[in-house]
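The structures considered in this document are given below.
Across the two complexes that follow, chain A remains constant while its partner is chain B and subsequently chain C.
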Partner chain A sequence: MGKYSVIGKRVPRIDAKEKVMGQAKYAADYSLADMLWCKVARAPFAHAKILNIDTSKAERLPGVKAVITGKDFNGWTWGFMATTRDEPPLAVDKVRYLHEGVAAVAAIDEDIAEEACELIKVDYEELPGVFDPEEAMKPGAPVIHAYRPNNVSVEYHWNFGDVEKAFAESYLIREDRFETGRVVTGFLEPPASLAYYDPSGYITVWPAKQSPYFHYRHLAGCFRLPLSKIRVIQPYIGGGFGGTKNDSVAGDLCTVMLSKKTGKPVKFIYTMQEVLTTCRRRHNMTIYNKMGMTKDGILTAVESRVIGHGGAYTAIGPLTMFLTGYGTPVPYKLPNYKYDCWRVFTNNPVSAAMRGHGFTHTRFACDAQMGMMAEELGIDPVEIKMRNAIDNPKPGEVYKAVTGFKVKTCGIKEALKAVTEDTIWADRDKMPRQEGPVSYGVGLSGTAYHGGARQLGHQSCAATIRICEDGTVNLITGATDCGQGSDTVLAMIAAEELGVRYEDISIKRVDTAYTPVDPGSYGSRVTLLAGQATQFAARDAKKQLLEAGAKAWKVKPDDIEIRNAVVSLKTNPEKQMSFEKLTKIACYEGAGAVILGRGHSDYGIDEPLDFDHGTGEGGINFSFTAQTVRLGVDMETGKIDVHDFIIAHDAGVPLHPVSVESQNEGGAIQGLGQAIYECFVMEKGKTHNSTLLDYKMPRSTDVPDIKVIDIITNDPDGPFGAKEASEGSHVSTPPAVIDALHSATGVWFKELPVTPEKIVKALKEQGKWMK
Partner chain B sequence: MKEIMLNVNGNEHTLQVKPWATLLDVIREDIGLTGAKEGCGEGECGACTVIMDGVAVNACLILAVEANGKHITTIEGLADGEKLHPIQQAFVDIGGLQCGFCTPGMILSAKILLDKNQDPTDEEIRKGLEGNFCRCTGYTKIIQSIKAAAQMLKEGR
Partner chain C sequence: MLWAIRCEIGAIWSGRCEFQQVKIYINKTVQVPEIPSEVEIESGTLGKLLDDLLRTTYFAKEIIDPDTGDLLLDGLLRVQLNGVSHYGLPNGLDSVLHDGDTLTLTLILLGGG
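Right, the complex of A and B next:
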């Protein structure tokens, strides 16, 4: 990495000082004078007709300034696609999940707003509910949306190659049923927003959003205003991980409506209970997976039938179901592939995107099944992965998946080699296998994730570089750092391209009145796409500066080099001036000039996505991850202690190694939660574990030691060769844990999360329980 | 309303509070210090951690009236003007944060841990942070930051 001055360096995060001093302001930290508080009144039934809403008592409560119901939104609904916009801000004719919003109050304080919610009288006619997706698909099941009388919100049927022929010719076929858990993203900062609908008809909001421009479009649609009148000012964001903070929530739209009605600023903050009972969750999925192999363990075909548990509305579901099928042809060569999926409505809270979107379900199923088949065939688990792994294409060449997408760089073989050469795997037989009741096991996975998610034109993004006359730089983008460190990485990219120091770059939060449109943080797109836009903007600004410098020195622009904020002549490096001096020349010479560089990302998507047929490119490149896990299982109680994670991740080139490591570590621990701890306990639409005490996410005492190994593949399509980092380790963790549990107990667990109860049950069934 | 006295970061405040207001409500809404965060509001996440008479507490679980007469340190009171406390500096240097929402509570819990134990092992650090939830980092860099801070404090930096 010697050729770079800033890229690859362990610089401090650009936002670190504000955050450690407690000065970073999040949505809940903003207030305005004369501000009102909003609370949402929620339904006590999972499925019920709304007959009447009487708000008169609530309106009479002293301190209450306005009460709204679903009807105030005049039939506006939202959703991912024009054909699936089925969700209203507040329920209008019926409620479809427990605690769905039915009305909202603005009052002078939070306590009065809450009290007023209790005074709203709603007459309901309870309807029979349906809570299991396979039940909901049966004829005669209660219908949740009239526009989908079979309760299927989305379905796709893809077929590549000749699966039937391939299975007929396979030496070994396995069919297994896998299940992934119903989990929450787990951000610590509950959704909140401060909203002001001013008398001139402009909306200004300070909301907790990882995709502020989606919210901006929702507000324009909902309030029938031009986009130029919507101003979203981005606070710091307390974690995102997809789903809820990519989207709008009832509170967001209600605060704006209440501000419109009262003429005052209105603020809401959800409680953690509202987060855990009403916000977006990951789809839990049932995966019927069929895999074929030759005698030598070479993959011949995969057929996946997937039932996605959608909950009450569609939200981003069409993309979830696409991505769940999209990731199956990587990281192993797959010649024949069939995918049938159904996303099903139930009377449960809404399912949506989460880190590792889609891929995590099918990669878990396929990787675990590959391990089972290796065992049946008597082939070493590393060897079977190596035999099937996609080779790293030579520069200029591509690997084309059976579905048509292209892979230009692939570090899976190198990653598998790195983790299996590490002592945790290499010396696993030298470590104790059993100590008292504890059985130890080491497991392995090899997975992939895509980055630079970009499907259509409206997901474009841009950057502006503004050169200040004192040699410092403002970087202006619409990209959102919700914690992942993208502001730091974008500033590093700007500094490297311009040839200035990292500390010369200033970057601020999104303000839709000034920053260019950007889709936000999801699909590991920010470093790659906003990064490329930043690179282009910096090149544009630099070109203008070099032209001014060339004129002053009477040379050609190409003759000049800028590095570490020093401008020099390539042929005579002794001839130098400071970057500050160059900016003054550029800004002040002649009639003067204002140096603005602009750029937008243009990584081509050669073939747009076709959701119905499974073809096209969902992003610009793929990351690859291999992981080993060492853990111990108490064979009496089923308790798992996880000791070590070794993660080898191909992020192309790690631009900011600290963030790449930290993202890998955090993604893996979130994956550990899904593998062994986390799951909503549901009964007839009711979430039983709706507090952080009962919904268990990993704590500092639960987590293993983690080692991250960088695999460098230098992708031609990422800025400075970069690919994604964070979703990859989230996807690789559950299958590695499952493999380690098998190594420790001899049992293949197929349903996540693998809780102590499931372990004890399985051990008892197999006569392995130790008492 | 009840009248209470609080010393927060060295400043005396006389406040009229609702009997059911929490210490966190009063610090954030009445005194206007927003560094302490509300995550869960029920003492599970530790984002509201402050130091009360030398003990790290969940400010969301303490009624303001119970804190009457106490000395409180919030994250805003840790640095010496522009100069960061060594724990804050270590979090910056090592990168012991991502979204930053848990960071104020994490740093104050770390302070109490290091006040009591100048040379903690990894296990002791993990135990000391048990009440502070982080979803972003996987804790690795937080633990490394606290080890680095312990070293800086020993060297008197």
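Right, the complex of A and C next:
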């Protein structure tokens, strides 16, 4: 890292001052003169036919300017790909989940808009609902979508190697049922947008989106306008984590339609209750996992049958189910693998993507099951992981998984070594095991995640570098920093490549009228793909600058170097000029010039994803994470106190160590919530815990001490060797917590979250409850 | 020209061209129940085959322009004939199909986690 001037340095975040000083403007902070407010009227049934909607009373309410229903959208529906676009902005013929939008109002203030929603009279014919996916798959179950009469939204059946033969030859086979929780992302900023449909036919929106170019395409499709007439201006984003902010919500489309009808700007802000009852949530999954091993604990086969609780619409579910199976062959060598999955429609709110997308389910099941088998075989839990872990390929070589994807660098063994040499694991037997009713345990996990998500040319991205004549630099990308720190990292990459100071870079937020198209923030792709585009753009600009400098000094461009904003001659370092002077020469000499550098990502995808067969490359490279957890369990009340996380994460090369650490910490804390706190309490489609008071996320006082250890593998396919950092620790935390709970209580818990009630129940069943 | 080539494939009866049945293999990256893995058709064009395959699917409204009735493939499906994108074929969607050709339909994903 010593060879770099900026990369690897602990610089302050580029947007820190604006955020700390309260100067950053979020979607809800924007307003325009004569602006109206939008509210969505929602259904009181989870499954019902819409017989009639009477909006006349609402329209007559003073202050109401327009009312729309689903029919205003002329049958337009949206979804992740052409075959699954089944979701309308507002329900038209029937509602499929409780509180689905059926109409929307624009009024002069929020209160009037809300009152008008209550005046909309909808005649429904309630239909029987189905809320459990396994019930929904049975013949005769209520049908949610006519195009899927069996309620199976998507299903895949993959088979690699010879699973039956491998099981027949295995020394030990285990079959377990696991379940992951129904959880929400937990962003602080709810969905919001200000929209203006210009009467001349242009749409401008200021929405809270972590992937604004999806919304841009949705608006073009919904309003049948060319993309050039859609302008999305990106405010600061208050957290994303996938799902809702990677998609459009009813309010997004209704505000534009209401603006079109009224000719005025229209704004909406969802309440947190709307977020918790109607927005995207993670698929909870039931995983029937069968694992085989030799007597020495070597993996022979895994067979996973997974049922994904899909909710009312498809959304991004096909990719979720793909990734759930895709992640099983890493980070352990797996020679035989079978995966059968079904994503099932129910009358619950829609399930979609979330941090740790897909991988989090099956990695939890496989890692926990591996621990159980180590116990049965009498093999040390570290040893069994090390025996199966993928080796770090030598430079130029690759590890090819049974499904065909390739791994070029793998730090899992080094990560496992690092966390188990740390005192939390190494000295675990020296620490007290029992203090009063509290039993202590230390657990271990080793997992992986995929970064740089990309498919075909449609998810390419670009960057432009504009050199200003005062020596400062504008970096223009379509990438979105939704809080993860990517603007900082992209600015660091630009500074390093150009040879200027980090503080000389100014990065522009997305404005689709000017910034290049970019897929958005998901799949841990921004640092890798927008980072590479930035790298190329900076090199292009630098080439032009060096040519101008070479002309001025009468040398070759290669004779000149730029470092820390100082330009010098390689053969005579005393000969110098400032970067600012070089930019003036480049911009003003002769006929003058405008120095623009441009680049686009070109990390290839060898093979596109084949959803039906489980093959293909979903992105660029894999991160690897090992984690230990130390916790205490009150054996009377079941209360858990988590004391320590040690996380060793292979992010290739940490470009901005502060961001790598904070992303690992954030991912792990969110994973802790899913391991022991969070879950929607549902009954017949109703979300009972629809406030953040009742939906329990970890608070600052629940957060353990966290130590992050960097594992350096220097990947050939990441800018400056980088891989993802954030989703990996989210995936590694639940299995490490489960292992620690087993260590403390002697019980293997297989359903997330492991709440105190579940602990007490299990302790009672096993005669371990301490009264 | 195309007519002449196609006539070589078929039998010629009194100056009239008779077309052969051709088998086309179809690869998909995601399940679409209405689209089989192979079809036997009278020789025709890539565009005609796509029209026949896609117009009756449950997602037809996504790929048929409501005004013109034409197929809309951009941003929805990547179409390849024997591994070559239809944009790269000299005759594009008018390319004549031959026995044993492979059509690959890749769903384009507009979205991410």
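We take it that the second predicted complex is superposed on the first by the 771 of 771 C-alpha atoms of A that agree within 3 Å, B and C clash if a C-alpha of one lies under 4 Å from a C-alpha of the other, contacts with A are read in each partner's own complex, and residues count from 1 in each chain.
By our rule, contacts are C-beta pairs under 8 Å (C-beta built on N, C-alpha and C of every residue); 3 or more make two chains touch, one makes a residue touch a chain.
Quantities reported herein were computed from a predicted structural model and do not represent experimental measurements.
Superposition model on chain A: chain B and chain C are shown accommodated side by side without a clash. Of the two partner chains placed around the shared chain by superposition, neither chain B nor chain C is touched by A:K508. Look at A:F214: by the touch rule set out above, it reaches chain C but stays clear of chain B.
When the two structures are aligned on the shared chain, A:C482 is found in touch with chain B, with no touch to chain C.
Look at A:R177: by the touch rule set out above, it reaches neither chain B nor chain C. Within the superposed three-chain model, A:K295 lies out of touch with both chain B and chain C [touch as defined at top].
By the touch criterion stated above, A:H688 is placed in contact with neither chain B nor chain C. When the two structures are aligned on the shared chain, A:K138 is found in touch with neither chain B nor chain C. With the two structures overlaid on their shared chain A, chain B and chain C come no closer than 17 Å at the level of C-alpha atoms.
Of all residues in chain C, those touching chain A in their complex are 28-32, 57-59, 61-63, 75-78, 106-113. By the touch rule above, chain A contacts chain C in their complex via residues 75, 80-85, 147, 154-155, 211, 214, 217, 242-243, 246-247, 316, 318-320, 323, 353-355, 357-358, 453, 455-456, 458-459, 519-520, 522-523, 525, 608-612, 616.
Those residues of chain B whose C-beta lies close enough to touch chain A in the complex are 28, 33-42, 44-45, 47, 74-76, 78-79, 84, 88, 91-95, 97-104, 107, 122, 125-127, 129-130, 132-143.
The touching residues of chain A, counted against chain B in their complex, run 10, 12-13, 15-26, 28-29, 185-190, 236-241, 269, 271-272, 482-485, 658-659, 661-663, 665-670, 691-693, 697-701, 703, 705-706.
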